[in-house]
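Chain naming follows the written order as A, B, C and D, and within any one chain the residues start at number 1.
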Amino acid sequence: MINKEWMTVLSQEKIAVNIYELTLKGELVQQMNEPGRFVHLKVNEQMMPLLRRPISVASIDKENSQFTMIYRAEGEGTKLLAQKKAGETIDVLGPLGNGFPVEAAQPGDTALLVGGGIGVPPLYELSKQLNERGVRTIHVLGFQSADTSFYVEAFSALGDTYVATVDGSLGVKGFVTDAIQQYGLEADILYSCGPLPMLRALEEAQLTKKGFISLEERMGCGIGACFACVCHTKSDPTGTDYRKVCSDGPVFPIGEVAL
Amino acid sequence: MSRLETQLPGLTLKNPIMPASGCFGFGREFSQLYDLNVLGSIMIKATTEEARFGNPTPRVAETPGGMLNAIGLQNPGLEKVVEQELPWLSQFDLPIIANVAGSQVEDYVEVARTISQVENVHALELNISCPNVKTGGIAFGTVPETARHLTKMVKEVSEVPVYVKLSPNVSNIVEMAKAVEDGGADGLTMINTLVGMRIDVKTGNPILANRTGGLSGPAIKPVAIRMIYEVSQQTDLPIIGMGGISTVEDIIEFYLAGASAVAVGTANFANPFICPELIEGVEQYLIDNKIDHISDLSGRSWKKDVKRAYHCS
Amino acid sequence: MSRLETQLPGLTLKNPIMPASGCFGFGREFSQLYDLNVLGSIMIKATTEEARFGNPTPRVAETPGGMLNAIGLQNPGLEKVVEQELPWLSQFDLPIIANVAGSQVEDYVEVARTISQVENVHALELNISCPNVKTGGIAFGTVPETARHLTKMVKEVSEVPVYVKLSPNVSNIVEMAKAVEDGGADGLTMINTLVGMRIDVKTGNPILANRTGGLSGPAIKPVAIRMIYEVSQQTDLPIIGMGGISTVEDIIEFYLAGASAVAVGTANFANPFICPELIEGVEQYLIDNKIDHISDLSGRSWKKDVKRAYHCS
Amino acid sequence: MINKEWMTVLSQEKIAVNIYELTLKGELVQQMNEPGRFVHLKVNEQMMPLLRRPISVASIDKENSQFTMIYRAEGEGTKLLAQKKAGETIDVLGPLGNGFPVEAAQPGDTALLVGGGIGVPPLYELSKQLNERGVRTIHVLGFQSADTSFYVEAFSALGDTYVATVDGSLGVKGFVTDAIQQYGLEADILYSCGPLPMLRALEEAQLTKKGFISLEERMGCGIGACFACVCHTKSDPTGTDYRKVCSDGPVFPIGEVAL
């Protein structure tokens, strides 16, 4: 069952330029298990903005029935979201989609977690769960610049963490792939979320045998009913075979969908 | 009889409120949210003879009070719909309205012939108005004679009543309605989307990969109301009204304009539980306002027309 | 030359941003709010040969992201406009665009002949698309041949370039544009309002006394963008774009679609200072984005058309 | 000059069923003189609701640069307005229109102020100014019922005050005209604001030689530019002569406009 709940804002904090960390409380949290799934948020009760906004679950705290999201306030919807204050409620649909398979990594394995910008958040819960499972995690986080970077310390507490920034103001100057190369990072399994060019580069680099990537696409329903978010499969790149990012994804094994 | 039970050609509906085509797939996803048996019907996603992938993404964009879509009629094709989707839907006590699309008359005829034979399909909805495909679709929806002819050909093969879905992108909606009535249509569904576009100011490119798309949602409601108001006075066909419905009052407004049932499209995205909520809400509204049956409201805006001052020139 | 200065047939504009016809009267009221000299031009309220009271009230209603109006072309008539309003406006350094309306060809011709002789009238805007009057208006706007003929007749008598204001309530906007181009139009203004309606759920009656009205505001912007995108690729006429503009980004979007100037209508009601704010804002936008001249943006959404994947069927 | 200002909410109070009293602070107050004028409010920054809402000025406090409105939260716009809290700001255009001419009443005269429902508020500032001028005021206030009535005590402090309610739960059962008749009220001048049927009844009753009424009409611009709010004149009821409620009114001498 997919549920909808008015969840209560516990805290909302600006943690970098235009980046907010939002923690909500409610029953829905009990259904949040797999990392990498997302929630679909209605940011106000008005008809404008009309559509929900998909945001990844960044960290789950079942005991306290709360979870955290990290998002960039950019357009109309996320800017309104950023105005929500503790005590207010938000209409949350979810959790939706299929996340990162934690069990694909065996205890003792090394997992490489590569995130770009607002693709970083879901990797945090993933890393927590991998570490719990006894998987060693290496994190490579890409940002535009130091002032839009976030959670670097939090990731460091879970495993080795490398940062790349486009302007070089933090870590390696360049992209995540530059950092991976520069430090010669190797692993058994890759998990990644971020912009398409980054995912393409990682797919081409063939760093690991197994890998999973999380995609973004503009959505209508978010539950698989409207065909807004489909992509071709790699095995039938121009045909009628497809996957829906919202309900088949957002996480896919590398090689399943055409990037 | 309940306040909501509704009889339309081919359709005995528990209530006259149903999801609009393309906004509800074939029901599978929404069945994870609530019991589909509460619905009056389901207008399933457009079916074409062959499977279609549709347009490249992005396929949706938000607009003030509305959204654009250019799905491009993605669907698994007639065979799979008949063999997998409709049988799955037969577990529910639901008369299905099958949305039929194509690029040429023969396509429509072929899909109509086959799909109308499926037991739980109680009516067809001829999609002569999809703006998101290059051939067919919209041409059938804007030229009266073409629409009449298509309707006639489909009527000849269909085992169930045929509703024609009108496009709002026309100079004269009444003319289109009369043409399909003439072609033998049993009912009308209206409106489909208005053709619109958004350009991304940052990139300078249209947001939709298909460039243009269909505008739906509250923004188009006044256009839908106007067209139903006009058409319901000029034809005898029952109208299933749609276009921007998201509240109980919206449904009442569509009835007052002249609708005999309604469908909810875009609002399912903002609130996926909206259909059951509206069904309950409308029943309560009728009770609160002491209206014996929802059909009492149909066309009231013009039927009870008190002679008010009315000078335009 | 400034980033905003714009040359159009008959019009040398300080900037290409002006209030749309009917939303600014003849400027008197807004002159109490700011100095009208900051504007590029003013499209004055539709003028008819005789004074008109217009439709009964209510004449406006709000809709999701938009509004309906059925003013019914109220205006003091040609004589008063020429003798009182235009001379009053001549105190400003403003080329005026006079919106011309009528019920039959002769009316348009008569108004055009006289008003085009007034010194500060630098262009006419033929209102062939007003949905709120019973005769004339919209018929001229939906039948290509009628529109072509009217344009031709008006061109014969007008002392200044003639822009034709297109109605969006048509099946084929390009056909209409080509028809008036053929009739000799010097430019296009688009779009006028979509015909819409709202019904008061409490009374069961249409909210507007005229029943139907013209839908304007942000809700219709995607329709305007789409039509300008289509028409600008198919005709050589400059387009003054309008329909839902309320932000700087909206103006950029209209330019990218293919407009050569823009007009702001409904947004003047929500924020009466919007025109000067947008003029400043657009200039700043051009500076920030290192765009030498606003005209560089015109039609960029299709001119720079990179060959992206584009398959619809 | 007509101005627009972001005014600050000083207080918002519910004073009867669905009736709110809202006090704003700002420079615009210095331009508020004549009673019966109105402000045009944008209740939020979104595009929905699109249009401004006209609300009468109910009382002016120039010294403290604040003024008060009283309104019924009914539709989308006024319901949003009712959510505004102290400290928030509201976009106010005004003051607009022409109000009640106080100087039409001479010191020593008796003025009959008749208000119906949300037509009552502007009469309060009017009564204050008339009393300051030495005019005796009699107030007749009509409401649906006791629980939607407001400001009865405040008016009583300024002069004799009679109430009529449709359901008889307060004062005379019936309309304001019933109260006027029942108490045989007489005056030199009439000022009134309320629903059209009430204004028509008062006009027909010909209670006074001089009288002024305030009209309501759906508005677009609120400043006289859009022709949304016109009405015919009594002298030319079917012709092209007209008055604009927003800029010629909302207050007109009885007999000027066709009701």
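Just so we're on the same page, a contact is a pair of C-beta atoms (placed from the backbone, for glycine too) under 8 Å apart; a residue touches a chain by one contact, two chains touch by 3 or more.
Note that the structure is predicted; figures quoted are calculated from it, not measured.
Looking at the partners of chain C and chain D together, the chains they share are A, B.
For the pair chain A and chain D, the distance between C-alpha centroids works out to 55 Å. If each chain is reduced to the centroid of its CA atoms, chain B and chain C end up 33 Å from each other. Separating the CA-averaged centres of chain A and chain B is a span of 36 Å. The mean-CA centres of chain B and chain D are about 46 angstrom from one another, to the nearest whole unit.
Multi-chain contact residues, meaning those touching two or more other chains, occur in chain A at positions 47-48.
Among the residues of chain C, those touching two or more other chains are numbered 52, 63-66, 217-218. Taken as a graph of touching chains, this assembly is fully connected, with contact between every pair of chains. Those residues of chain D lying in contact with chain A across their complex are 46-48.
Those residues of chain A lying in contact with chain B across their complex are 1-2, 4, 42, 47-52, 76, 91, 93, 217-232, 239-240, 242, 247. Put simply, chain C touches chain D in their complex at residues 22-25, 28-30, 32-33, 45, 51-54, 57-67, 69, 71, 74, 76-77, 217-218, 246, 266, 268-273.
By the touch rule above, chain C contacts chain B in their complex via residues 52, 55-56, 63-66, 68, 72, 103, 132-135, 142-143, 169-172, 194-199, 201, 204-206, 209-212, 215, 217-223, 225-226, 229, 244, 249, 252-253, 256-257, 297, 300-301, 304, 306, 308-313. Of all residues in chain B, those touching chain D in their complex are 64-65.
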